[in-house]
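Next come two complexes, and both contain chain A; in the first it sits with chain B, in the second with chain C.
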Partner chain A sequence: MKSHYQLAIIGAGPAGMAAAAEAAAFGAASVVFDEQPAPGGQIYRAVETPAAVDRAVFGPDYWHGSKLTKTLRDSGADYVPGATVWQVSPTREIGVTVDGSAMLLTADQVIVATGALERPFPVPGWTLPSVMTAGSAQVLLKSAALAADGAVFAGTGPLLYLVVWQYLQAGVAVKAVLDTTPRSNYFRAARHLAGALRAPQYLIKGIQLLRGINKAGVPLIRGVTDLRMLGEDAVSAVEYQRGGDWQRIEADQVFLHQGVVPNVNLSYSIGCGHTWNEAQLCWQAITDLWGESTVEGIAIAGDGAGINGALAAEHQGRIAGLGALYRIGTIGAHERDRRAAPARAGLTAERRIRPFLETLYRPVKCFRVPPHDETVVCRCEEVNVTAIRKAVAVGCVGPNQLKSFSRCGMGPCQGRLCGLTVSELIADLTDLPVSEIGYYRLRPPIKPLLLEELAELQAPAAME
Partner chain B sequence: MFTKVGDGDRDLVKVIFEDKEIMAPPGQSVAAVLLAEGIRSCRETPVSGEPRGPYCMMGICFECLVVIDGEPNQQACMRTVREGMLIKRQHGVAQIGPDAKAESDPAE
Partner chain C sequence: MVRTADAVVIGGGIHGCSCAVHLARRGISVVVVEKDYVARHASGVNAGGVRRLGRALPEIPLSVAAMGLWHNIGELVDDDCEFVPSAQVRVAENEDEARALEERVRLVRDAGFDHEVVIGPEELRELLPAVSPHCVGGMVVSDDGHANPYRTTMAFKRKAELLGVRILEQVCVLGIDRRQGTWRIETSADPLQTPVLINCAGAWGDHIAAMLGEPVPLRAYAPMLMITARMPFFVKPVVGAQGRTLSLKQFANGTVLIGGGVRGNAVRNTNTASLELGGLAGNARTAAQILPTMRGARIVRCWGGIEGYMPDGIPVIGPSQQEGAFHAFGFSAHGFQLGPIVGSIIADLVTTGVTEYPIGPFRIDRFDSSPQRQSNALT
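Up next is the complex of A and B:
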């Protein structure tokens, strides 16, 4: 590792890997930092060394990732796994911890490719042990060949059905799928069907997943309007409301999911401008045609700048990489535009399905703005809906003030599991648009850092 | 309860959770190893003391905090098992400082 790079990329998912490949092709001194032990991001997690599960379980879309990891390995970029980036300053000073040693380095250009995370799903009892996310089920299957027999899946969105399908492919029994997609979404989505038909591969895949789930005889319970998790020391049952009636299913493992949203912690902490995306119901960094944020020299590529999926992220990574090379001065405008053209065409094609998916799987309000008093919103500081309502009633006007009122959002996850809920809940209580309520003000370090690590902070040169 | 769906692993490493010896596949996260053992919660919260276990498995939720080799606040889903690793539940607020370390590490 060097003390200065021309290009630093944070995240080794599809966007980060594609950006690195582009940069390295032109000989730019590049580094890729990633928190996981192997490249691929969450979507291609453990694709180089998948646990001993039948390859067919994950499907060909997953194995596409191995091409990208190979490109990264061959790129000549310095790839640093197990690296926690806890700060990027607007002047592109990067603070990173590797193996317990913190260091600072600089870069001419930075590409933030930190991807997405699962949208918070605050329902009563969601903090009980063995209530996890659908994404976590997939991580355990990909990286450890572990699956929970007889689990209940609840929520909405493509990933939910994909993980259920993968469980079934792996021969694991699924007790039930509690589908929270409201019926009205189907009618609204129908309007976007023409656009979706121009990307038929996604429709076909979706139909295959649902058909597979049906064929396996898994109870697919549609029209679920409320959920609660029950148990003492861990979850033991799920109760769901459908057509006004409450039903109960015994379950010792539940996976929740209602879509993914941009992981904005790093881009917010840098000071990049963000905007509320009403179609995707999330905050996203504002970027230009080359992925550059409102802070000069900081680009955002992939799902961090709005959810478009893994293949789109790859195109965005390439475009952001070329943009960075141009700003460094490695390539001219003509070369940049020429090389970006196929990626732009690819990105446009990938985005065609989005309006359909966003409308069909738009999470219903009662699972985003929790209606029950006792529902925990901030898991870290254990702040529930009642506490937030009370704070707003006595004049708390936004997420930052809510911290002083209640400690909401002040725990180690730094709002990753409550930020969206808080923005939407305050907007709902004050009858203001979410865009006016805003988000938490995030500051570095964006991951907990020991005082000891800071005290022993060094430049990478001193480590060599 | 999580169970293995693939082939068995070879060259297992031995880790200790509380007083229990666990043979774990190398390269796996501490959280995955605990879940495979049927350990559903790994800590009690500092605020109410209620039990929590792994939630996101990707390093963002901080629910799977444990004490590893005397170091508190370790994200079990982000740490890879190593031969001889000593894993303990984290009870409430992390104990820090030399006393806490000595207390949690029987070797010292």
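Up next is the complex of A and C:
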């Protein structure tokens, strides 16, 4: 590892890997930092060394990832796994911890490719042990082949059905799927069907997943309008409301999911401008045609700048990589534009399905803005809806004041698990648009850092 | 429409809100103008130390008087401000530092104050069982404490409003003009008219002073703080160091706050405070060396608040050279504890023209090197 790079890429998912490949092809001194032990990101996690699971379990889309990881490894970029980037300054000073030692380095250009995370799903009891996200269910399967038999899956969105299908493929029994997609979404989504039919592979895949779930005999309960998790030391049952009646399913493992949203922690902490995406109901970094944010030299590629999926992220990574090469001075505008053209075409094609998916799987308000007083919003500091209502009632006007009023968002997760809920909840309580409420001001370190690591921080000059 | 008041306070930090409370209690109508929102900057995000320990000598009489108010803060603002009485200790890491502390305590004693006490190695360990073996002693004030800065400033704000004070947030002062014994203040909203203007603009205090024709060499920095995840209880007093920059305290929820005034950079026109990692690393090193338990602490968040520093490290408090104007700004990262008393001093100056406290050292013209000032100093 050097003390200075022309290009630093944070995240080795599809966007980061594609950006690295592009940059290294032109000989730019590049580094890729990634938290995981192996490249692939969340989507292609452990694709190089899958757990003892049959390849068929994950489907061909997953195995596409191994092409990307090979490109990264062959690229000549310094690839640093197990690296926690805890700070990037607007002047592109990067604080990173590898193997327990923290260091500082600098880069001419930075590409933030930190992807997406699952939208919070604040329902009563969602903090009980053994209530997890569908994404973590997939992680268990991908990296450890550890999957609990007889789990209940609840929520909405393509990933929910995909993980259920993968569990079934792996021979893991699923007790039930509680679908919270509101019926009205189907009608609204129909309007976008024509666009979606121009990307039929996604529709076909979706239909196959649902058919597979059906065929396995898993009860797929649609039209669920409310949910609560029950249990003492861990979840023991799920109750759901459907057609006005409450029903109960005993379950010792529940996976919740209602879509993914950009992981904006790093881009916010750098000071990049963000905007509220009403179609996707999330904050996203503002980027230009080349993925560059409002902070010079900092680009955002992939789902961090709006959810478009893994293949789109790959194209965006390429485009951001070319943009960075141009700003470094490695390539000219003509070369940049020429090489970006196929990626742009690919990106456009990938985006065709989005309006349909966004409308169909738009999570319903009562699962985003929790109506029940006791529902915990901030898991780290255990702040519930009542506490936030009280703070707003005495004049708290935004997420940053809420921190001071209630400690909401001040725990180790830095708001990752409550930020969106807080923005939407305050907007709802004050009757203002979410865009006016804003988000937490995020402070480094964006990932917890040990005091001794900081104490022994090595400045770039001291590293070589 | 022009808004009028008996007094206009510029700045909605702890000093501005405290001035408003004390003036309103004396029957004065007050408007507070705040360019962002109350407690947005240093007043809301400081370390919350309520300390007399180690104060600059001129500040001691004010600090001692403020402490009396802190111990009954609920009576002043109807809120406990999460004030926790506790000892504050400054650790000596070697014999030279221990001697310097003894000297310091003698000096303070000669000035007539006995709140600071020197302790030896045994007493230090009794007070701070977690202290590193190399530490040889310290200086203690047993009944200082700490409070929640945001909550405190908001409590002053709410009390002021209860007493009829109008607080205008997100209103910026653009210009000040004096006409026939009255201040006319142009703002980003309606203009204000008042016979009494009070500059409590903190890190922006020099801008207001300059509008009054009193330029001062204030520099803005962002003193940096970091907070850890919850830890088992291991330290009761607030811990500082004689030879190095440190202020460390553990809250009731187990989190540990580390600060002490290591400076980050502040950009005033964009309200941004950026961290200086080298400084934070040094701060972390100090904490880990004096309290080795801290090595394994997980840092959750670092931040800085924009604060105004005067070259001599003490604030500007007192009347302006212009009639009907007063200053209280530039507290140089130790103004929070003084908040309750400074408002009272300014209110006395406004209503009676005098104060019982020795505020001479804080006068604004102390930086003035013009010939007129020089000759004033001679006479």
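Operating definition for what follows: the second predicted complex is superposed on the first by the 458 of 464 C-alpha atoms of A that agree within 3 Å, B and C clash if a C-alpha of one lies under 4 Å from a C-alpha of the other, contacts with A are read in each partner's own complex, and residues count from 1 in each chain.
One rule holds for everything that comes next: a residue touches a chain if its C-beta (ideal position, glycine included) is under 8 Å from a C-beta of that chain, and two chains touch if they have at least 3 such contacts.
These numbers come from a predicted model, not from an experiment.
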{"item": "Partner chain(s) touched by A:257 [first = chain B, second = chain C, both, neither]", "value": "neither"}
{"item": "Partner chain in contact with A:49 - chain B first, chain C second, else both or neither", "value": "first"}
{"item": "Which superposed partner A:129 touches (first chain B, second chain C, both, neither)", "value": "first"}
{"item": "Partner chain in contact with A:404 - chain B first, chain C second, else both or neither", "value": "second"}
{"item": "Which of chain B and chain C A:454 touches, first, second, both or neither", "value": "second"}
{"item": "Chain B versus chain C as contact partner of A:362, first or second or both or neither", "value": "neither"}
{"item": "Chain B versus chain C as contact partner of A:412, first or second or both or neither", "value": "both"}
{"item": "Touched partner set for A:119, first chain B, second chain C, both or neither", "value": "neither"}
{"item": "Which superposed partner A:89 touches (first chain B, second chain C, both, neither)", "value": "second"}
{"item": "Comparison of chain B and chain C by chain A residues contacted", "value": "B"}
{"item": "Where chain A meets both chain C and chain B, residue numbers", "value": "411-412, 448"}
{"item": "Chain C contact footprint on chain A (complex, rising order)", "value": "87, 89-90, 93, 95, 104, 271, 397, 401, 404, 407, 410-412, 414, 443-445, 448-452, 454-457, 459"}
{"item": "Partner chain A, residues of chain C touching it in the complex", "value": "37, 39, 44, 150-151, 154, 228-229, 253, 272, 274-275, 277-278, 280-281, 284-285, 287-288, 294-303"}
{"item": "Chain B residues touching chain A - in the complex, by the definition given at the top", "value": "1-9, 25, 27-29, 32-33, 35-36, 40-41, 45, 47-48, 50-63, 65, 73, 77-78, 80"}
{"item": "Chain A residues within the chain B interface of the complex", "value": "35, 37, 42, 49, 51-54, 117-118, 127-133, 135-136, 139-141, 143-149, 170-172, 233-234, 252-253, 263, 379-382, 411-413, 416-417, 448"}
